[in-house]
Amino acid sequence: MVKLIRKSGNTRGLPPGSVVHVGDKKTADVHISVFDYSAAKTQEYDITNVEECFSLKQKPSISWINVDGIHDVEIIQKLGDCFKIHPLVLEDIVNTNQRPKIEEYDSYLFLVVKMLSIDEQTQELRIEQVSLILGSNYVISFQEQKGDVFTSVRERIRTDKGQIRRMGADYLAYSLIDAIIDNYFGILEGIAEEVEIIEQDVISDPKPEILEQIYHLKQKMIHLRKSVWPLREVINSALRDDSALIKQGTKIFLRDVYDHTIQVIDTIETFRDMISGMLDIYMSSVSNKMNEVMKVLTIFAAIFIPLTFIAGIYGMNFVYMPELSLRWTYPLVWIVFIVVGASLLAFFKYKKWI
Amino acid sequence: MVKLIRKSGNTRGLPPGSVVHVGDKKTADVHISVFDYSAAKTQEYDITNVEECFSLKQKPSISWINVDGIHDVEIIQKLGDCFKIHPLVLEDIVNTNQRPKIEEYDSYLFLVVKMLSIDEQTQELRIEQVSLILGSNYVISFQEQKGDVFTSVRERIRTDKGQIRRMGADYLAYSLIDAIIDNYFGILEGIAEEVEIIEQDVISDPKPEILEQIYHLKQKMIHLRKSVWPLREVINSALRDDSALIKQGTKIFLRDVYDHTIQVIDTIETFRDMISGMLDIYMSSVSNKMNEVMKVLTIFAAIFIPLTFIAGIYGMNFVYMPELSLRWTYPLVWIVFIVVGASLLAFFKYKKWI
Amino acid sequence: MVKLIRKSGNTRGLPPGSVVHVGDKKTADVHISVFDYSAAKTQEYDITNVEECFSLKQKPSISWINVDGIHDVEIIQKLGDCFKIHPLVLEDIVNTNQRPKIEEYDSYLFLVVKMLSIDEQTQELRIEQVSLILGSNYVISFQEQKGDVFTSVRERIRTDKGQIRRMGADYLAYSLIDAIIDNYFGILEGIAEEVEIIEQDVISDPKPEILEQIYHLKQKMIHLRKSVWPLREVINSALRDDSALIKQGTKIFLRDVYDHTIQVIDTIETFRDMISGMLDIYMSSVSNKMNEVMKVLTIFAAIFIPLTFIAGIYGMNFVYMPELSLRWTYPLVWIVFIVVGASLLAFFKYKKWI
Amino acid sequence: MVKLIRKSGNTRGLPPGSVVHVGDKKTADVHISVFDYSAAKTQEYDITNVEECFSLKQKPSISWINVDGIHDVEIIQKLGDCFKIHPLVLEDIVNTNQRPKIEEYDSYLFLVVKMLSIDEQTQELRIEQVSLILGSNYVISFQEQKGDVFTSVRERIRTDKGQIRRMGADYLAYSLIDAIIDNYFGILEGIAEEVEIIEQDVISDPKPEILEQIYHLKQKMIHLRKSVWPLREVINSALRDDSALIKQGTKIFLRDVYDHTIQVIDTIETFRDMISGMLDIYMSSVSNKMNEVMKVLTIFAAIFIPLTFIAGIYGMNFVYMPELSLRWTYPLVWIVFIVVGASLLAFFKYKKWI
Amino acid sequence: MVKLIRKSGNTRGLPPGSVVHVGDKKTADVHISVFDYSAAKTQEYDITNVEECFSLKQKPSISWINVDGIHDVEIIQKLGDCFKIHPLVLEDIVNTNQRPKIEEYDSYLFLVVKMLSIDEQTQELRIEQVSLILGSNYVISFQEQKGDVFTSVRERIRTDKGQIRRMGADYLAYSLIDAIIDNYFGILEGIAEEVEIIEQDVISDPKPEILEQIYHLKQKMIHLRKSVWPLREVINSALRDDSALIKQGTKIFLRDVYDHTIQVIDTIETFRDMISGMLDIYMSSVSNKMNEVMKVLTIFAAIFIPLTFIAGIYGMNFVYMPELSLRWTYPLVWIVFIVVGASLLAFFKYKKWI
């Protein structure tokens, strides 16, 4: 299950801007890779020593520095010092409790988004925090671990597909966010399948296990929503941003991303509506089932208990029971049995219980 | 059932503006038809080769190019190139996951609306995406398949009924949207009938099947709402639009459409309220029914179980049971039976259970 | 029951501004009456030929043209032509699906409000659409049928009571709206009585019929709300209107009407809250009742079933049952009966079920 | 119970500004008292003839005219004429259906607030309408009956405590509103006690009577909310008021009152949340109880019904039942009884029902 | 349990600005401590006589006067007189019913926030009111009792860690608020654990005690929410504040605090959603359990009651019952028993009840 909140006990009491990692340490070592590209050429290499990327800041080409693993605060700190990142931003990068947000600083924009994936084994939602620093000619991205949804972006840079190599750093940042949000649709498709399966089951065969499934789906939606809802405001802010960091030409693409975000939110809300509808149906069908059980019990009990009583009467051992010695009384009792039983059956038929 | 979200796996990872069809391929081949009209005359013809309509852009007359079938992205792309449509717009046209929206570009407006219909066989809601490109002297409409609600618009152009031939392309776009929204009222009338039937049933005879009907109605409303709700903002934006594409004279008609949209939304909300009220009633009446079943059971059990016990006592085979040999004990036991039974009946009468 | 939506199949596909009556034809023939008044004198007469009122437009006196019956579109059309009413307005007047609204045109304001009444026989809510055209020196009111809440307004004009004859057409329009909203309070008073009756019943004697009553009340509130809620915005718009049609002196009265509208909405919301509270109480008390039924059943069954079993043991016909022939065993069994019965009673007493 | 709406049948159809009392006549005769004070001295006297207070308007000292009893419309009318109060205001003063509001007129502000009290005998909420007219040097307050929460204000004027005698009429009006809102806290404290008592009961011993208590509490909250909620906007309007009637120095005090209003609203909302939580708990615990009842029934029935059947078998009178005459069969049957009974008990133990 | 509202009976009727303590007296005596620091040096001492700190106002260094215990109004009053605090502010400081707020005065800002802690013994939420006065070179903080979350702030001043000694009084105030909000995360972590434990229990083993736990958790969330929700607006106001009291350089830190507040609110809302989901699950699983109990009862009763009846028939003592003396009838009855019992079992198997 997604953690509701990560322990951050060790950060309390520290001065603001203290860079302390909060979250699960998801990878053993930090891995820094760099894309350095312009319309003409692309360079791609890994970095083992963080100082190597300091020179990128001055180069006219666009640099994308991707950091996998944020638990080694020293590296984050060094990068921050070089690129003149505010300590509060560094603090936020390593604290994975952030909600999606955008913050404008003098020479860069700071964005936090959540990258989602479904654990293939447990089918649970995994949420990974991705922080982006967008400078005039560079983008630094911080991820909690290796493995992301940026493969296609990398491919496009390498193969010069689309216009990515001819656009600025803002377009690169857009491409990364777009890849993350595009991925949400995949998550939603998976959930849509779950919803459709549960939907059929809840009407045709409402077993108690469905309750648990509905509950888990609901919790998933709560976490999804928490990750996606603030994105709307984030991208809207980026659209209204009037610094030079986001160029007018990129904004038309951001508007497209904004649209996608609204679509995602819309779909999440639709799912929530449907799930809550299913719960109602489940509750009602449990009541219906109980009703049916009760009817069966009542019909059996109401028919046979009176009959047993009649039989009980003539099982009494009184010496003076004149009926007992008459020849026609035993068949008569049988007639009584049949008449009483049939009348009660007719009564339940009339009540539409049968 | 309406798909919650269409698979779009093949679009992920592509650069923005990649025109890839997302949705069900609802028609075999693409069909393009053109209306080319002015106040004086109307020309109406089908086009087999998309290049044929490139000339229309330059003509002073108003052209309506209608494309049925959006899965052939090549055709869409060619049209887009000729009319200088932004790649992101083309991407949206062929992706049927869009929500209703309006986007303003330099030389055209891009609108997405949802055309609704009821499948005559399954009684299910079908949602078809209609995209409109409104240029200064042309309207391009994209539909997923043949068959639409624009028959009357075509008829009015052909027969010069109303003022449509004397107005611009904006009036044509308005007429198309108006036809789509007018059609919503028909859908709502159908739903109103369903609501009224279920309403009567839920009070007079609340069977378990009603639950399923209510559920399907509720899901229908969720999908309807998702299609209509954003329209409000779309048309409001069109009203506030200050480009030259929508003329002041057309805005009075748009205001009328806006009104209709609000009416539709209002009615949907009313339906939702009513459906949720019905579910409450259904749940309560199930409880009521169970109550009645329980009462019948309790009355039968509580009356006959004590009597059976009494009969059981005198069915015991003890040698020394002096009552058994007395002459008046058997009639006395009958009196006891009647008194106990009557008292219990009176008790239940007093409790108002009978 | 109030129709959720009126069939308007015959309007679909017509060009905008097509004046086609949508709704029930509530009256056989159209009836036009005119009040022509100034501070000095009042003229009141019926009109059989619609052309007769064309002259009123030019006269300096204030004219109130009231049209009962809107199904004869020809008459509406003629009036519209004379007073230069926009075709879309005429279309709205004869389509009774409108929600309350205000629209500003160059030389007149167009208002739609809903006049409510309670059918004396069925106790159902009836909603009638009243459209008002407010010109500089005239008011045209359109009603669906004869019979309205304007009697007092007419009386005030006739008898020169209040300041109505010294004020303009805007004051007349205000008076009509005020009369309609004043009438809402009467409807609400009736509903308040219903609410109070159901409220007492739901606590003292929650019968299943109450459920139906609550449901009907709830539906009534939904329709009331739909009629009244938009009025708030309508009158607010009229207050902010800066055309010359509504004079400053009248606005103080409109503010009073606005206040009344808020009061009505407030009361409707309070009713909704109370009704939803009642439904909760009803549901809970049904559960409580079932609980009580179950307790009675359980007490009877749990006491007498074990006793019957004991009696059954000594009803067995085994040859070797030494107890049967002992003298003190029969009284002992009676003691067992009493002890077991009393213990179970004590147990249920301890459980507070008795 | 608080009336939902007061009958106002006799006001309908009257011209606007008709001063007709709507509400219960709560006091026999009207009582007018006057405080006439300046920093230097205070005069306090009752008035029997309304004309006596006309002179106060011209005096430089601050006058507080308090009217207890608003059913005598003649007196209200005379006061209104002298102080040039708009007829619509007078109409509102005598109609106790008003919601809290503020209205600005040329030479005065008109405020309506609701004074709350708890009936000591029935513990029901009583709502009394208090109208205030704030002029440049006078405040007129209208109450429905004698008895109010202004004792401390009077005392402060008499004894020159605080700064009230050195401030203007606006400070007096503020003091009155402050006294009314201060009193709300007392009401809320009483409700808090009720909430706490019900809270304990609902968990420890959820009896059906609690349902009624929760319902009454809920209704009380609905009425409280209706009285207090609009106050927020009223005082906010007074704060933003830029007429000379409310001086800057008084606004700091109004801000304090605004704060208190928010506190009251906050507390009401918290109560509503808690009450709705209690209802959920009550419903669940009723279900729990029923569950327990059912378990007891099921355990008794499931154990003894099979045993009774076994006993019944050997109670049959067939001639050829070889078991009956065997010596060890009777003890064997006892062993069967014990084994079956114990197994079923174990089964229920395993099911955790015992 | 947190008090919903503190008795304030003794403040009603007093003139505004009357400084009367409202709340529990949580500490015996008032304790005043002072930090007087600049970049160069720090002085830290306790004060026994309130006059001692009057000189601090004039000193150029930054002073932090912390008052533990607010029940001694005389001390508060003296401090207020010296630092020229408005009487309404003093009134608010000693009244612990305040909601979080910010108020701007000429020479200082007044802030109220709520400091939360969990009682280690009862696990209940404790809420303590902290009031801050932020002047140009001093901060006065008022707490209800000793013991707070400011230890780390004190440590940072003492050891010159971070930049606190080089910043102004506004940064000190920020640090205090930051410490309080940081502490909220600790509270939330505790609640997250509770939520996770209940979550597992509600699905695996829904006992009635869980209901009480859910209820208490829900109440805790209501109180938390009431304390935290208004903070958002408070800090937003501080951010928009344009007085010289909050310097631009501090605002970047305030924005960080704002972010944390949103995170806290977000998490609270997520918890509320989850808790409400759990309640639904609990309710459903109670219904499920009842269903299962009913099934067991019905199966036992429906199988053995008919069988007992059959046994009862042949327990009757009629003289003429020819079956009784036939040799094969007793085995036949056994076959009937087995066939009937097996058929019923099969029926319940078919119904999927077993």
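Per-chain numbering from 1; labels A, B, C, D and E assigned in written order.
Just so we're on the same page, a contact is a pair of C-beta atoms (placed from the backbone, for glycine too) under 8 Å apart; a residue touches a chain by one contact, two chains touch by 3 or more.
Predicted model only: the values in this text are computed from it and were never measured.
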Contacts common to chain B and chain E (chain labels): A
Rotation in the CA alignment of chain D with chain E, degrees, nearest 5: 70
Centre distance in Å when chain C and chain E are each reduced to the mean of their C-alpha atoms: 42
Between chain C and chain D, centroid-to-centroid distance (C-alpha), Å: 26
Sequence positions of chain B contacting 2 or more other chains: 283, 287, 290, 294, 297, 301, 305, 308, 312, 315-317, 321
Chain order around the ring, beginning at chain A and proceeding next to chain E: A, E, D, C, B
Chain C partner contacts - residues on chain D that touch it in the complex: 1, 3-5, 7-9, 11-18, 86, 88, 91-92, 97-99, 101, 103, 208, 211-212, 215, 218-219, 222-223, 226, 279, 282-283, 286-287, 289-290, 293-294, 296-297, 300-301, 304-305, 307-308, 311-312, 314-317, 321, 323-327, 329-330, 333, 337
Partner chain D, residues of chain C touching it in the complex: 151-152, 155-156, 161-164, 175, 178-179, 182-183, 185-186, 188-189, 192, 195-196, 203, 252-253, 255-256, 259, 262-263, 266-267, 270-271, 273-274, 277, 280-281, 283-285, 287-288, 290-291, 294-295, 297-298, 301-302, 305-306, 308-309, 312-313, 315-321, 351, 353
